[in-house]
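The same chain A turns up in both complexes below, where it pairs with chain B and then with chain C.
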Partner chain A sequence: MIRLPGPDSVAGRLLRTPRAMFGFLVILLVAFSAGFAEHLIPYDTEEMDFDALLGGISAAHPFGTDQLGRDMLSRLILGARVAMEVSIGAVGLGVAMGVPIGLAAAIIGGWFDDITMRVMDAVVVFPSLLVAVALAAALGNSLGTVILAIGLANVPWLARIVRGQALGLRELDFVAAAEVAGTTTLRIMTRHILPNCLAPVIVQTTLGMGYAVLTEAALGFIGVGIQPPTPTWGNMLQAAFPMLEQHPLLSVVPGVAIFVLVLAFNLLGDALRDILDPRLRGVVR
Partner chain B sequence: MQTTPPPHANTPAVDGQVRRRALLRGAAIGAGSVVLLARHGRAAADKPEYGGKLRVAYNLAPGSLDPTLAVSGGDTFYWKQAYDVLIDNDQRLTPRPDRSLAESWDLSDSRAVTLKLRKGVTFHDGTAFNAGAVKATIDRILDPATRSAARAEISPVERVEAVEEHLVRLHLSRPWGPATTMLGGRAGAINSPSAVKALGVDYRFRPSGTGPFKVAEFVSGSMVRLVRNEHYWGRDEAGNPLPYLDEIVLNIVPDQTVQTNALKAGEMDLVFLPYRDAPQFQDKPGYNVNVFENAGTVYVLLYNRSKPPLDNINLRLAIAHAVNPAAINKAAYFGRASVATGGMWPPSTWAYDGTVPRPSYNPAKAREYLALGGRPNGFEVDAVSYPSEANTPSAEIVRAQLAAVGIKMNLRMYDVTTASEKFYYGGEAPLYLSGWGHVPEPSSSNMLYRSNGYYNASKLPDARLDALLDAGESTVDIAQRKAIYRKVDEIVLGEAMATPLIYGTAYAAAPKRVRGLESVFTYDIRMYLHRLWLEKT
Partner chain C sequence: MQRYILRRLAQLVPTLLLITMMVFALMHAIPGDPARMMVGAGDSLDEAQLAVVRREYNLDRPVPVQYAIWLGRALTGDLGRSSANQRRVGEELLLRASVTFELGLFAWLIAAAIAIPAGVIAAVHRGRMPDLVATLVAVGAVAMPGFWVGIMLILLFGVRLGWLPTQGYVPLGSNFGEGLRHMVLPAVALGITSAALMMRQMRSALLEVLSLDYIRTARAKGLAKWSVVIGHALRNAMLPVVTVMGLEVGRIFAGAVVIETLFGVPGMGRLMVQAVFQHDFTVVQGCVLVMASAVLAANFVTDIMYTVLDPRIRYGG
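Moving on, here comes the complex of A and B:
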């Protein structure tokens, strides 16, 4: 028997929020395309048909063909894989580094807190795209570099959020009770404070994934992202840009894809924030 | 001659810039191939009207307005408007005494070039043009302290003798085949000796030539404004004084799209068009487009023959036969360039010879060469290139076509300067997908082919080529020179030292009211503006 989510559970509330469902379904679709790209693409993305250059929408090529006669739909699907890899990888890296840093800063406090948070501030004052460009330029243009670059830009935001939450939680009675009971600091951190920090982290990661998609596309567009022939939405947009007037479809296809996926992450993140924020619980919307 | 330097000699890195430059570089000579799409009702023989200001967009900022100190091919665009040269040439490099500072010349002595100079010519600062000015200019070029790039172009010149007020003799250390071409470039652009002396380092951007326009204003990184030289000696066919325009403003606009949009918006009167935009303006009733075909080798495979696996001639030939330039032309150049059918000098130049056997697209043959080279199942090869609107898709096509015969190309893209450095000196990759300048004078390719040539990545001594290149440089007779350069092509193409793939096309576009557009291209794909005029509305 399938257990349906209760009306007050997070999942239940998400199901009742249309924008969240829209975001969730779009992300699911993109993730599915990314996961099964090899089985979904109608053409090899490197297959060039010189008799079908810059083709429009047709039954054979639903999204047309690009300057080299490659199928745009196939490239879009493989581009989805890069988008998902980058967003999951970058945000994963951000969480893996940012959460422990924030937690440690809050619990250890003192000079350690000061130093780590000032370092985080220093990273934040640089526009994250600039940090990503600098890293990509220094380390080369591979998928790993792009993930690292965007991931590092995510770290300070997560660290700040976790630290802020943890500082508040540390003063609460249940933490004091745990301390009195002789629980170790590490255990307090992981079992008592961390789980209670997760709601804003989830919101931030969702929004961060949208931002990662956008940043990856921006890097690809200015030519320092993942290099051809690997299709990414950003480098598809870059290749299309000079022909924006003559063949707008080439720009529209990856452009709309980026727009919709980023919108989906933002809508979902936004809805999650509303649902997870205890202060807003019970507010009728 | 001032040859268009190879891509690396300039600096642009932005897509549009590179593209533009490739186009300029490429856009070469197009004798017999100049097509002016004139849709205007009135005949071109209308009486020119005087006055007006012409606004021109160009992508490269000048490094110097003084031709003696000019370095990049982009500089030529600027100084050409303010200078005359000793021996001007038409698009097929045929000397034109009527447009030159020398009225006639004598090349019969293999150890001297004697030039009879035009009388009654003055520099912009009022100094009289004479043999002393020629001597002062060329002495300044020959002085190593000047560090003039033009020095290498007149290397046979030992000393200059001002024989009479209007007679000058260049004494040579060896016979000088391309003399008339070289004296038509920056080495032949004569400066006012008194202005050079008076201004010192400031002369670089406040030059004084004899040309149709005088530099009036220079704003670094933004524009150069020139005004009509009221005392210019040149006349048009009807005997009217040149130039027609009062003022020209050469605007530095790095981005191609911005240039095209400015032309559309009426903010510019003359721009070079990229391939993609050409039909837009050719089909538009309000514009004229001047087209140069076979304008330089804009896409070429260069090999480092010292670096495995391309030290193996059969593997180089396998690559040369696996790439289909027709597909590249179609996709990356919108079918508007031409498939290369000869060497580095395209059909618009006298040295071109389309009968030289050279590799062409043939995958079956490519596989044969793979087998001959001992790699029947293919091999992996590193390559470098630089991005541009045409280069980026071209590189993807090359990669796919090589993959089709089993050759895996690992391509790294750098900006043009870095890519060139890594290929020519760094030994980073044995294959370079590159562009090359327009080379109307074949001896300009010496730096690519000579054993110690600046751009010979292999640095392999080759006595055959060196001997041929020496002969080509010291022979004056064009028919003999052509035979010599044919032999150069046989070696270079036949042994796959370089495989030219695409000859370029250049487009200059202007609104209909700009007249005389058919006169606009120089042999090296820069512009002459002194025969343009504006129709009063």
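Moving on, here comes the complex of A and C:
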């Protein structure tokens, strides 16, 4: 039997929050476009239509064409794939490193906690965009570098959140009970503390995905992100900028795409925060 | 108070050391021969010349020794020479940093000047038109890349209306009016995200304070609404806002990398992007070091401001 989400469950409350549903549906749409990009694009992204250079909105090209006559809609859809790859990759890396670091700092405590958190404080001082530009200089500009740079910037925030949560949980009776029962530290961490830390992590990752999309766009725009011919929303804006006076549509379309996707992540993240833990208002970025 | 400041200053030292280690490690994370990197990718050198470079930059010594030497020089302001034009990175940075600080300060002031009144008005008119408009604008602004806002500003005020210059920089010292005109669009683009985040914080902090008993008492005494908001509530509500304003310094520095490139402002950010394209790692390293130190300093000042505004914290932590 299929169990429907109850009215008081998280899913049930999300369903009744319009901004959450808007966010969820937009993300679903973008993820679907990214996943099935090859089957959805009306034109090859490198196909040049010399009869339609800098074309406006038309039935053949709903978002117009660029200076090489390439279809903007097709490039936008392939750009969505990069946006999703970067945001999932970067946030995934942040979780994979930040959550264990935060947990370990809280459980081991003492000098280990001091040193780890001091390192995290130092990392926070580097804005992610700065790290990304520097890493691009050092490692070259590829999808991997972009994900690594944005992901590293996520680590200290997640580590701090998880550490804070875990420190609070450790004092609670059910953890003490587990300790008395002879449960190993590792098991207490993974079975008792970790699941109860997840709410703020979910909120932070949702908001972090929007931030990753923004950072990728900025990197692409200054030319140190993922390079053409792979279309990304950032490098599309870079290519469009010299055409701004002549054909502003090229600069408007990718920007609106970024705006809508980031808005979706932010609205879903805000709604999740309000539902999962209203006390987190202002704590989570 | 003085002891507190001294203690916080002492706490900065290990963090600053860690930052320099990370910046130093960045150079050594680069795959390939650092000696070749130092002289620039384009130049072809034979082994004997490379050996000279290695000796000059101490690349033949163990890495911890290299770090110690580099740190010692960095402390005296010597950040090495650019491999692209052989200029001293320290001097070049000093010149460029002043431009970025000017732009950043301007952006930060614009953000605060919009955010604080907007946040206060939104909180006072909670749930009504001014609140809804301010909140909606803020939610939208946070979701837009600052540089894209910049592109749209160029399109509107530069291309269409022709009101403001869209490229370049005029020092405020040489021509104040022209300098200001050049600064408006980049500063707005750089500050808009921060403005939105500061406004949200101002609104929620003031709402929280306005619900407290002492505010009700002040209102019950018959004080005028705005005199209660400005005289009683605002000071206490400013605490979390000051924290956010301090944190925004980091965002503004990072944003400057993109905004300076977009508007052709010759600051540190643009220098860094150009250095990336020229594989000029000494310059990239210097830029990262200066920006990270500036963010650290901003966080420090925020902490101090916090204790000035809230005497309760002074004797704790």
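Assume the second predicted complex is superposed on the first by the 275 of 285 C-alpha atoms of A that agree within 3 Å, B and C clash if a C-alpha of one lies under 4 Å from a C-alpha of the other, contacts with A are read in each partner's own complex, and residues count from 1 in each chain.
Throughout what follows, a residue touches a chain if its C-beta (ideal position, glycine included) is under 8 Å from a C-beta of that chain, and two chains touch if they have at least 3 such contacts.
For clarity, every value in this text was computed on a predicted model and none was experimentally measured.
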Touched partner set for A:G223, first chain B, second chain C, both or neither: both
In the superposition, chain B vs chain C on chain A residues touched: C
Which superposed partner A:M243 touches (first chain B, second chain C, both, neither): first
Touched partner set for A:E46, first chain B, second chain C, both or neither: first
First (chain B), second (chain C), both or neither touched by A:F174: neither
Touching partner for A:F112 - first (chain B), second (chain C), both, neither: neither
Partner chain in contact with A:F32 - chain B first, chain C second, else both or neither: neither
First, second, both or neither for A:N266, with chain B first and chain C second: second
Contact residues common to both interfaces of chain A (with chain B and with chain C): 223, 245
Complex interface listing, chain A residues touching chain B: 46, 48, 50, 53, 67-69, 223, 227-229, 239, 242-243, 245-246
Partner chain C, residues of chain A touching it in the complex: 118-119, 121-123, 125-130, 133-139, 210, 214, 217-218, 221-224, 237, 241, 244-245, 248, 251-252, 255, 258-260, 262-263, 266-267, 281-282
Chain A-touching residues of chain B, taken from the complex the two chains share: 15-16, 256-257, 274, 276, 280, 327, 330-332, 387, 389, 392-393, 395-397, 399-400, 403, 413
For the chain C and chain A complex, residues of the former touching the latter: 14-15, 18-19, 22, 26-27, 29-31, 139-140, 142-148, 151-152, 154-155, 159, 201, 204, 240, 250-251, 253-255, 257-258, 261-262, 272-273, 275-277, 279, 281, 284, 288, 291-292, 295-296, 299
